[in-house]
Structures are given as structure tokens and as C-alpha cells.
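What follows is chain A paired twice: with chain B in the first complex and chain C in the second.
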Partner chain A sequence: MSTTWHVDATALASYAEGRCAPVVGASVEAHLMDCRECAAALRELLPHEPVERAWHAIRAHVEEPRPGFAERLMTRLGLSTETARLLGAVPAFRGAWLLGLFTVLVFAGFASLFAEDLGLALFLVVAPLVPVAGVAVSFGGDADPAHELVTVTPYSSLRLLLLRTTGVLATSVPVTVLLGLGLPGPAWLAVAWLTPALAGVSLTLALAPYVGTSTTAAVIGGTWSVAVLTANRLGDPVEVVEPLMQVLLAAVALVAAAAVLLRHSSLDLLGRHS
Partner chain B sequence: MAGKDEGALRELYDRHATWIHARLARRCADPDAVAEVLQDTFIAAWDGAARFRGDGAVGAWLWGIAIRRLISRLRRRTDVRLGPALLERDEYEISAEEQVLLRLENVDVGTALGRISPELRVVLQLTVIDGLTTREASALLGIPRGTVKSRLQRARTSLREELA
Partner chain C sequence: MNTTTVALTDVGKSYGRADALSDVTLALRPGITGLLGPNGAGKTTMLRILATALAADRGTVEVLGSDPGTATGRTAVRRRLGYVPQETGFPRGFTAFSFLDYLAILKEWSDAETRHAEVRRVVELVDLTDVAPKRVSALSGGQRRRLVLAQAMIGQPDLLVLDEPTTGLDPAQRGRLRDVLGRAGESATVLISTHQTEDVAALCERVVVLDGGRVLFDGAVTDLVRQATGRVWMADDRHPAAQHAWRTGTGRVRNVGDPPPDAELIEPDLEDAYLLLVGDAAHDAGLEAVS
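Moving on to the complex of A and B:
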């Protein structure tokens, strides 16, 4: 807004020094809000330093990348900003991964609806391998964009590992359970794949440091597929998730988890200077 | 600025930051709190730029954010002192030039405002000039809302009498 009236130099000076009368102050303030010239004149009268210092903080905020949707949701749910950022950086939270996961599951679901036993076998192959693949991508080093971030995070490596694994499971498990509920066959089938999934994830985490994440995941995936398809050929694919197999797989999961725990507690004792 | 352009933000900052800073400093005597509020104001303006409906002046919009940030800042920390403009007592020595100015620029209103008591004037300042609600003014001054209302009423009455 351009006005012809401007604050008198004396009044502006007394305002800048903070010693003007209330009425003058009010008048100056009301005018400064809209008048570019008087605001510029005031700038000449006051030290720039405090205002510039505040600008640095503002710029820092503005240049900070905006957290993604998943990250904001997690912060809203009460996780600390650091935790949310680490989880948000898990590839399993990225759109491409989620889309891939969804597609694979939908195909498996459709296949089992139309092709009875073979379809069921397909679902049983895919369902437990989805979290395994998720973990593999999330800890794959070069496949993980947050790899650098993770290696320098001052968290215990175990806590970090569990945190990120939880992230992977949280995205893949609910979808798969829902899909399983829609399948023909016994209702418990919808959750029966959880034990093999758990075994697969723990095994991946336990073996990955020695043979690499991708190799581990590939071997586990291959073995599991062969097991399911063999059971299918022998009669019923559901055999692989029968009670005895559940116990066996649970044992595998436990042993692998124990190995992971041991390895990480010793790593943390060493201070992760490797 | 709704387009998230840092250059535009800097321009806005250059144009408005100084007077907002000075105006906040008159209402809060703690320089750190003032700097923090100034910072928060522009960050809020940046984050909420899309919500700015270009139908009002930018200055008024920014000040609206700033004064509300200041209120919540003062509410959060009770040890932050209010600035000279909000003190309920006069610490001013009106200089000779200023008396001339008062007479020249604010012929009637100026002298009338100058004559009402500081308690009443502060309430007028917050509600009429800073555009706060009586609830916000009461929070800022730490006095009950009813008191703000009655002082505002008394201020109006005495102004009317002075100007009549």
C-alpha cells in the first residue's frame, strides 16, 4: 500500500529506541504494517544482527526436507522424530515396494481363487516370502538408500535392526492376513504362513552378515518354494503348514533369533568400530 | 510464496522482519523469546503460505501470526517479562518533541489516549490496535477475562468523555 503520509523521522527514531509514548508507538506500528518505505527506514535505525540470526534458523527449517507421509504418520502416532525418520527410510515404506508387494499378493490371491490347489500352493509360497523379501531389501546395503544413515546412527545395532524389521512386518503382514482370509480352505490358513514367515525373516537376519542379504533371501525363497511345491505334488500344499511343520519352523525362528541377539550384543560390546 | 520459493521468503523477511521484531520487543522484554517468536512466525508463514487468502494485507497476516505466537510463548513460560508497551504503569517520559508530535498528529485522540490510565490503555492497545480477542488479551496480561472486558468498557467511556 502506498500512502503519502509517512512517520516523522523523530517519531521513528524514538520508536526504534523504544522510548516513544504509547500513542505514538501505536500510530507508528499501525503504519509500519503497510508502509514499505517506513519499514525500510526503521531497518536503518535498528541493529540487523538479531533479525539475521533468526533468519538462519528459519532457513534451516525451510531447507530441511519435508518428512514423507509414513514418517509424519509415525510421528503423529508418538514415535520420536529420529525413529520415524529411520523407519521412514526403510525401503519397505517406499511407494514402489508397497506397490510391488500389493501386486504380488493380489496375483497370488487371484490364482488361488481360480486354481484351487495349485493356487493355494502359490499363496503359501508367496505369503511368507513377502516379509523375507522386505527384510532383504531393507538391509541390502546398496539397495537401501538409508544405508549410510543407519551406519552412523548412534543406536544399538540390535535396536535398529528390530526397529526396521518391525517396519517391514507392519507393512506386509496385515495385507497378507487380509488376503488369506479371502481364500478358500480353512480360516487358519490366513495366519498359518506367519510361522514360516517368521522363520524366514529371522534366518535372513541371522545369515545375511555372512553370505549377504540377497543370497540368503534367494536361498530361503528357493528352499521354501521347493518345499511347498513338493507338498503340493505329494497331495496337499497345506501340508507344509501342518502342526508338525509349524513347530519345526518355530524352532528355526527361535534359533535364528537367538543367533541374531548374540551377534548383535557382541557387536555392541565391540562398539561397532568395524 | 505459496510456491515454496526461498527467495520469496527472504524478500518477505527483508520487508517485514524488522518491524515485527521491534513490535514484539515492545511487548516482550526477553530478547531470546522475541527472536524465537519471530522465527516461529516466519516458519508458520512458510508452512501456511497456501492458507494465506491474499484478501488481506500481508503485514496484518504476519502480525496476526506473530502476536498469537507471542501469547502462547508467554503462556508457556511465566518468567518472560512483558515489554514496555504492555506494562500497566507508565515508564515514559514524554519528551518535548513528542508532546509537539502528539499535538500535531493525534490532535484529539492522542491527548485523550494520553490521559487515560495505563491499565485501560494497555487493554485498548491489545484489543483495538493488536486485534486480539478479550480472551487472548486476558491470557497475555494474566488477568481475568472479565477484568479485560470491564477495563475496555471503562476505557471506551472515558475516551468518549474526553472526546465529547
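Moving on to the complex of A and C:
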């Protein structure tokens, strides 16, 4: 609808600049509701860039949903929104998984405190396998439902793998070390599981393109569990993390890590398992 | 524009002892090319090789001037590629917007403001603005398919490799998709694999037919249709000489094959031509096997 009179140019200019008296401003606003000519004249007076910016901001607010809890937490911890989003895409960084992980760890920690050797064996089984499981649900065709799409993006596969692996280690290692500090026995036990964990993670990554992360992690988990429980049955579960085993497992970790780095271009393609 | 953007020369790919592709030679230019073929023909393998997801075992591949057999070549291609795989999952808990944002980050859109503007552009392009804030798990199959197409359009790529992009879309959505792809094909090289011959007829000037890992036909859609001229007829019943026959909505039977002398011939369409091409190839292969 158009009216027969229009706001004079001076009043409109002072309204656009936010300088007019409140009563005049209210009157101009009421008129603008019905007068297309004056509304168009006002648009000409308003600087376009801030209007567009405001419009984009409104659209962004409406259309861009709030990130999930895990992503928000990672951003608060100092990660960029982009890194948080890349990590938030995989199960290892979602609330349910993290909660399950900590529950298992706490259970293993308490078991080691109250059930002596068997409890200690349980802790030594679980602690190194937590990061292995985290990596298994973070990378490759088994873990990433959009793996094929992700593979053909220009983002470096090795960088993505290292980012996710670092994230898994960052979420699982400190808690496990803290729980380990409460173990009966020597203090070094709190970190003794780190070498088998690194060996397991490196092996999972090295073999993932050929047999898949889930299968590799399952085989590693089974083998490690049998080793620890056998040592426990023979007398002392701690034998699996004694110095000789540490050296052996460190060698496995190094060889597997070297294999990952040397053959990282294979991560760039869909593996045989994909 | 007649510049070759994609060139495959004697390309082969095997899984164990089975050849998925054998000596495929093909050159693509900007525009839309349809890829037809029965299940197991090697279409998905070929698209994955072009999309740099798989490496060819034999032959040479050149995509947008780069060799995807090398790491630098792959990255160069990926910066100019849009890809829709036959099937994909979605990260759990992601909304449509965050899924596209995730892929845009992986496509090296590091500035959040321009990235989000690009995500909004592709969301509008595939008509998903209303559902952008919804979780992907709450979207219909057709909406998810359009979401996958939207991520392929991020950055207006020079090469679009689309594996059955119209699966699960209703006719209106398919029409909209044709519009989007038609416009993309004005400047980009678009290769669409599909079982829908009507999509190829509606969109593509050129068609490639694969069967058993080999190229059976490569040429204009009109040339393929012309090959079926005189081999499609209507009758009251199925004819024993017909390779394919089906009763149409009129109650009469459309026969495709070698017609009897007094047959009531009709104009073939692309589907007739495709069925005849694949059927004749299977027949010839059977004769070769017998002899």
C-alpha cells in the first residue's frame, strides 16, 4: 500500500543515521510500514555492507546449527573449529564412546585395586587396548562411514590419520596413566602399558589398508589378552611389560610406524578392505 | 570447447583373477556423458579410478592434465573434483549443514566465513535449505542423495564424477537435479553412471556403454538410438524372436529384437537401443564360447 504523503528527505536521512528524536523516529517507522516509496528511499540511504553482513549473520544463526557437545568441548580446549569438526566426525570423539571408554578404564582400575594379580592382569589387558580401539573406530573404511568421500578430498590422509591418532591418545592416555598411578606395585607400572599401546596403535595403522582396522584391532586385542592372561596364569602378569618385552614391543612400534610413513600413499586410496 | 579433460588409454583393473576393466580407452571433454551398463560391468570401478579413489593396474590415466597415479597428481585432481559415490554413510550426529561443512574443510576451505557461504550456496542449489539444520539421520533417502550431490558441487569443480546420483529421487527432484547438472555441464566435464536411460536421454549428448569391463559403445546418444531402428515393434503378444518384450499401458506388447517381416515397427528409444546392444554382445560372447 502507498500513502499520499512521504517523509521529507531530511527527516529520512536523520532516521537512517539514527539521529532523529524518538517521537519522530516512531512516526517514521509507522509510516514506513505502509509506504513502499519511503521504504525504498530508506534502503538507498542505508549503507549496504552492514545490512548484508547483518543478513548473513541472521542466516548463519538460523541455518548453521550449533556444534555437538564433543565439538564444543574440543573448541573450548583450544582446538580450532575446523579441527574439532574433523575429529567430531569419528566415533572416538563422541560422547557415548568416551563415556564407555572411561567406564571400562575405571572398572579395570578398581579391579586392579581390589582383586590383586587378576585385577592387575585385567588392567594390563585393558589399558593398552583402549587407544588401539580408539584408533580402530577413528580411521579407515570400518570407522568412517564417509570414507570414500573423505579419501578423494585433497586433505592429506596422513595428516588426518595423525590428527585422529593424536586425538585418541590425548583422550585416553592421561586418564589411564592417572588410574595406573593407583595400582599396587612399582610406580613404573602406571606407564608400562604405553609401549604395548604404541605397538598396537602402529600395527593397526600399518595393517589397516590391507585387512581393515576392526580386524587388525580384534586380532591385536585377542593376542594381547591371551599373552597377559597366560603370564598371569604362569605366575606374574607384569612379565608382559618387563624390560625385554618393552624393547621387543618398542621395536614392533618403530617398524610399524616406519611402514605407515613409508607407505602413506596407500592411505590415499581405497584399500583392499574398503 | 573440444579440449580433452579426461583420457584413459588401455586401462585395466583386476580384483584377484577377475578383470573389472579390460583395455578401456576413452576421452572425455567438457559436457555431460552418460555411462550405462549392467551390474558388474565395471562402471563403479571406472568411476573410482577417475575419482582417484582407486589406482588402475594397467594403462595410463590422465585427469585434468594430471596423473592420478602420483601423489601430487592425485591432489591436483582432487582440488578440482566433485564425486558422488554409489553409496556413502554419514558421520553420526551430524546435521546436513555440518556434514557439508566437514567435507568443505577437507576440500581445503579454511576460512569459516567463505566456507559457510559456499555451503549455503550448494544447499540452495539442491533445494535443501529448509533441512540444513536437521540431523542427517532425520532426512529422507532422496534428501540424503541430494546432500551427497551438494558436497560434490562445493567449489564448482571442473570434473564431476557421479555414480547413480538419481537413485531414490522422485520425478520432481530428478527434474531439479537435471537442471543443476545441465548447468554444471556447460563448463565442467560431467560423467554420470546410471541405470536410468531416461536420465541419459534427457541430459547427455554422449553415452558410453560398458559391459564385462569393456567399452561396447562410445558415441552420441542419437547414434546409439539409431542402431535400434527397425528392431522395435508392437504386437498383440510376445514374439519368440524378441530379446525383450513387455506389455505396455495400452495393452499391446513392445518387442525388441529381430522383427518378423510383417512387424509393426515403431521408433526406438535409448532403452531399446541399450537392451539390444547389451543383448547382442551377450549373444556374440555366447557364440564365441561355443566355437
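Convention: the second predicted complex is superposed on the first by the 181 of 274 C-alpha atoms of A that agree within 3 Å, B and C clash if a C-alpha of one lies under 4 Å from a C-alpha of the other, contacts with A are read in each partner's own complex, and residues count from 1 in each chain.
The definition used in the following text is that contacts are C-beta pairs under 8 Å (C-beta built on N, C-alpha and C of every residue); 3 or more make two chains touch, one makes a residue touch a chain.
Owing to the predicted nature of the structure, the values given are computational and were not obtained by experimental measurement.
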item	value
Contacts of A:243 with chain B and chain C, given as first, second, both or neither	neither
Which of chain B and chain C A:15 touches, first, second, both or neither	first
Which of chain B and chain C A:235 touches, first, second, both or neither	neither
Which of chain B and chain C A:64 touches, first, second, both or neither	second
Intersection of chain A interface sets (partners chain B, chain C)	59, 62-63
Complex contact set, residues of chain A against chain C	56, 59-60, 62-65, 67-68, 81-82, 85-86, 88-91, 94, 144-146, 148-155, 160, 265, 268-270
Touching residues (chain side chain B, partner chain A) in the complex	6, 9-10, 13, 15-19, 21-23, 25-26, 31, 34-35, 38-39, 42-43, 46, 57, 59-60, 63, 84-85, 92-95, 97-98, 101-102, 105-106, 109-110, 113-114, 118, 121, 125, 129
Residues of chain C touching chain A in the complex	48, 51-55, 71, 74-75, 78-79, 81, 83, 85, 88-95, 97-99, 101-103, 105-108, 110, 112, 116-117, 120, 123, 129, 132-133, 148, 151
Partner chain B, residues of chain A touching it in the complex	1, 8, 10-11, 14-16, 18-27, 29-30, 32-34, 36, 39, 42-43, 46, 50-51, 53-55, 57-59, 61-63
